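The first chain written gets the first letter, and so on, giving A, B, C and D; residue counts start at 1 in each chain.
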Amino acid sequence: MKVSIIGATGYGGIELIRLLQHHPHMRVASVHSSSQAGVSLQDVYPHIGGRFVLRDIQSDDIEGDLVFLATPPGVSSEWTPKLLAAGHKVIDLSGDFRLRDGNVYAKWYKKTPPNEEVLKQAVYGLTEWNREHIANASLIANPGCYPTATLLGLAPLVIQKWIVPHSVIVDAKSGVSGAGRGVSLGVHFAETNENVKIYKVNTHQHIPEIEQMLRDWNEQMGPMTFSTHLIPMTRGIMATIYAEAACIVSLDRMIELYKETYKHCPFVRVREAGSFPCTKDVYGSNYCDIGVSYDERTNRITVVSVIDNLVKGAAGQAVQNANVMLGLEEQTGLTSMPMYP
Amino acid sequence: MKVSIIGATGYGGIELIRLLQHHPHMRVASVHSSSQAGVSLQDVYPHIGGRFVLRDIQSDDIEGDLVFLATPPGVSSEWTPKLLAAGHKVIDLSGDFRLRDGNVYAKWYKKTPPNEEVLKQAVYGLTEWNREHIANASLIANPGCYPTATLLGLAPLVIQKWIVPHSVIVDAKSGVSGAGRGVSLGVHFAETNENVKIYKVNTHQHIPEIEQMLRDWNEQMGPMTFSTHLIPMTRGIMATIYAEAACIVSLDRMIELYKETYKHCPFVRVREAGSFPCTKDVYGSNYCDIGVSYDERTNRITVVSVIDNLVKGAAGQAVQNANVMLGLEEQTGLTSMPMYP
Amino acid sequence: MKVSIIGATGYGGIELIRLLQHHPHMRVASVHSSSQAGVSLQDVYPHIGGRFVLRDIQSDDIEGDLVFLATPPGVSSEWTPKLLAAGHKVIDLSGDFRLRDGNVYAKWYKKTPPNEEVLKQAVYGLTEWNREHIANASLIANPGCYPTATLLGLAPLVIQKWIVPHSVIVDAKSGVSGAGRGVSLGVHFAETNENVKIYKVNTHQHIPEIEQMLRDWNEQMGPMTFSTHLIPMTRGIMATIYAEAACIVSLDRMIELYKETYKHCPFVRVREAGSFPCTKDVYGSNYCDIGVSYDERTNRITVVSVIDNLVKGAAGQAVQNANVMLGLEEQTGLTSMPMYP
Amino acid sequence: MKVSIIGATGYGGIELIRLLQHHPHMRVASVHSSSQAGVSLQDVYPHIGGRFVLRDIQSDDIEGDLVFLATPPGVSSEWTPKLLAAGHKVIDLSGDFRLRDGNVYAKWYKKTPPNEEVLKQAVYGLTEWNREHIANASLIANPGCYPTATLLGLAPLVIQKWIVPHSVIVDAKSGVSGAGRGVSLGVHFAETNENVKIYKVNTHQHIPEIEQMLRDWNEQMGPMTFSTHLIPMTRGIMATIYAEAACIVSLDRMIELYKETYKHCPFVRVREAGSFPCTKDVYGSNYCDIGVSYDERTNRITVVSVIDNLVKGAAGQAVQNANVMLGLEEQTGLTSMPMYP
């Protein structure tokens, strides 16, 4: 199976190339960049060696049956209709097709929403919770990094209605690669190192994406409080999730629920009571590790969910979805152990 | 005025020496260490030059009228009675005298509480909120780093009763120096770098210290949810504080309240609406910078409070308290600008 | 083919497990630790999942035909004779069998040298330069991290006699994982972050290992100047190598020589003139990337050689050697692309 | 004494403000920026509080008798003549006036050299070695960061002729703040963190500056080999300097020479034999710490010289020079201890 990557010069694109390198059933047939067509990818990323030359984004040049769009928001909504029309299947890593309501997209992304007909075809690619629809889709809206960590961490409690619907607070921490490869003062080493910054307090564009899924699971779920922090590290997201318990359930029972829920999910690993994952536990891998705790004093549950933002939070989950679309085992090509230390 | 430092080889001790170096009214007359008496401090910290030789902790050797105890919990409770009896004033940077109830101390610190009579003399040294008692005290319990950031961030809202008493959730992030200079796998560079770790979820010994003060301000305040995260940086604490609004108040009014509350507090700086401090904004300084936001969707307030854990969170506040005890302007010797970048 | 790892709880051991996870012809059959026998490896490294239980180091428990010794110096020299006697092949990642002269070992390592008969069997495992002997060996002395980077960087010039024999100066920079997982003040995050330290100036135990190989290539090679620096990063070594040109050769000719020399070496990548590798270009991979420059003003050559100290500098080269010993392609199981960023 | 800072929004400018904050005899009367005139400096650097509004760079607006130019190369050469003509004394932190020969400047900086008459007035501000001329100068060319560390490390050996003139190799390591506050891929956190990069191999514009001074001290000094490395830290430079010993001198005698040479230099601290400084030993301070070693095997001397690139390597030395120009003790306002950790 031949696949193509559009937007190969960003961090999502280069991670796709790394992950697909040894995939037994997919081969990167062409890589594309609107701005750097004709350039060898090695000139952009010397570590990659001389495998690829960047091509323009013209249909004739796109060899893959399946196309990964690793482009910024606003770009995918333009190219996707053409790609679908030309018979390609598409996995879009941007936020363009994640929100079912174009108005919500316009509000949070400050961009024109995609074509409505195309939007309707999009299937939300949180693999663990949508395998069947993904299997039959032509267009996957690959989830954002924060939503992946948050939703996998919250799902069992929300579906089971074990938490008070309006009580959710998410305090997320991300490495700097999540901001992409574009240059700005905000990613300058001297401004980021030895520093923690909070940003987009309750205004992050991933909020409606999370809330949409939460309400699919339980329509009573209300708006949540959500803040994101920039941490002086390259990769990794930790979502620390707080919610009020809606019923009396022991911690052991909660952990049992998580284990039961994810028992057929090879990439979700649940910790025993008293143990919590750190971001390094999933570094470079497609795992989402989850720890749960309950505090009797406050009747609140704290869930800790960690992923590598570039793998399970982007390229890895995209490959996982591609596997499902192609009828393969979902972990195909993705079983590499985290790199530690 | 001569002062002494006991526990001078730890990070709190060495920071006291740095801050007192140019103090116009205090002079470090002797530095002490139980384990390294006789050693030149320069052999422990080459950066300090040849100023000091560590002395044993015997009354005869302690020259200061005022003694800073920068020792681990459990040690201060032993030495403080002797120091007070010998006529020294004491500022204790450990947690030994912060909790008024010895049983609470025993429960959270897993150590024998200090002598009750001595404990009664202790004044909690959150300078901004306790200046009068501090001025007359012989024994100051210098606040913990997390409590300082959290309490300064919460005080106006709690005292004003603008938040729902049981709704407080604190997600704190700290640099590694907060763990002290002792060696362990938990502070190994290769385990800490490129990593975020959560620890002591709802079990941190600073919880009762914070709650005690909150209840002093508003006795209805309930237990809070509190978790601490280790961030790959050396210095700095950010407390991200979440609480439900108890009444309808605009963000502008809230910020006005904060500014009003802290208008005579030279070390507390309040940000305008839409702006939040990062830990680097206070690096190496005694400032506590605070940003406030309100989210209509959830009716929750998010407060961001940052300090340098070794300055306002330890040695700096200790000097600030010493200034108050000596009748000096509280900012004396502490006005250095943050170091940036 | 079953293999065993002794010393599986160190960084070399855990990296072997990561690299061997997908090896098509080797399977980790048993992992061993003298101090933690009976413990699940998951308790030591949660990221690894529940695959392994640590065993004691008794012959009966060692399942592998091939044994990797990822133990500290002084330990391998004790166990290797027993392992060989029991019919295992051994790849030793420590320095115990790298120096042919026991007296030199005793001088630089301050330890008792290994048994002389066993030492004679040891083959130095710098794969690119010793494939034939490695193929027939029972005991491989896997090279040190600094020697690997330095020797691959120097080999073409030394063998070709294009540099003045006594002119070599190596300024090496290493990430902190090179110090191992043991705790000490030297690897404390707060002491290592935002810091560069020089250590073991001209006294590093890797010096005689490098000089021994250099003299094998050209017996006129004299002692070199060698210093090592600890850099605030986890993985990676850069050896910046300086030497005086012994003859008039253009930079293009030098680079041609490097390319020619390493054309059958899949893990050595030579940069074009004007381009130099950084450590991140080989992160997590078995590559050694090399850049060369020549300065007419001084008639000196500067060679930059980078590796991942835990892969090509330890576990990766060990697997590469195992491949050669087993008659496999040397890159088997080692072709993962570097992880970037 | 009123001083002005032109280029106050860069890292050199902001560090000048920090250092001058408590200077007993200088007061920052005006801060200037060509691009951001009218903006409050607090909007650029929130940590600084509301002290300053940026002014345009017109003579009327410049209040200081002494002007610090913290501008990029090519800018100072334009403004300096006007400032001098208007009666200001000038300390230029850029490289524009450091090279006596305009052709050399043009070659290494690829810019038009400054006016020759003005250039002749410039005095090189390596304070320790040029106090008398500095005291009488109107225009100081403040040294570069690498030259400061390198020259202070080499001076005693060069002047004493204890090293072979053509044998000098400098391997320098710098934190990222040395690259300034401008944004580029080269300072992107994700590209710089967990990475060591070599750059400008033998082509750094600081090379002629160093060699010019070395030849002033000993005209036989030849060209040196010089390479610079970017290290994942914010502040600090370590210059590791290698040279061949020209005569038989014991290490003790060398260290004695260094101590003797610098005995009246309050900012140069020489380590005892066997001890080497790390960059953190001078963090935030104006010190230059030096360690020396001699290797009998190779007859080479290794000197390690560390500074904070923004203090002794830029703003601190500028203040030190201003002190000398004003007839003050050179350490006035600069005696802050390094910040550790």
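Definition applied: a contact is a pair of C-beta atoms (placed from the backbone, for glycine too) under 8 Å apart; a residue touches a chain by one contact, two chains touch by 3 or more.
Since this is a predicted model, take the numbers as computed values, not measurements.
Touching chain A and chain B at once are the following chains: C, D.
Among the remaining chains, B is positioned farthest from chain C, on the basis of C-alpha centroids.
In terms of their C-alpha centroids, the spacing between chain A and chain C amounts to 36 Å. With centres taken as mean Cα positions, chain D sits 46 Å from chain A.
Counting partners per residue, chain C has 11, 175, 177, 190-191, 193-194, 232-235, 280, 283, 341 as the residues that reach two or more other chains. Per the touch definition, chain B reaches chain C in the complex via residues 11, 175-177, 179, 181, 183-185, 187-190, 192-194, 232-234. Against chain B, in their complex, chain D makes its touches with residues 11, 14, 17-18, 21-22, 45-49, 177, 193-194, 234-235, 269, 271, 275, 277, 280-285, 289, 335-341.
Partner chain B is touched in their complex by these residues of chain A: 166, 169, 171, 173, 175, 190-191, 193-199, 201-202, 222-225, 227, 229, 231-236, 238, 240, 242, 276, 278-280, 283, 291, 293, 295, 297-298, 300, 302, 304, 306, 341.
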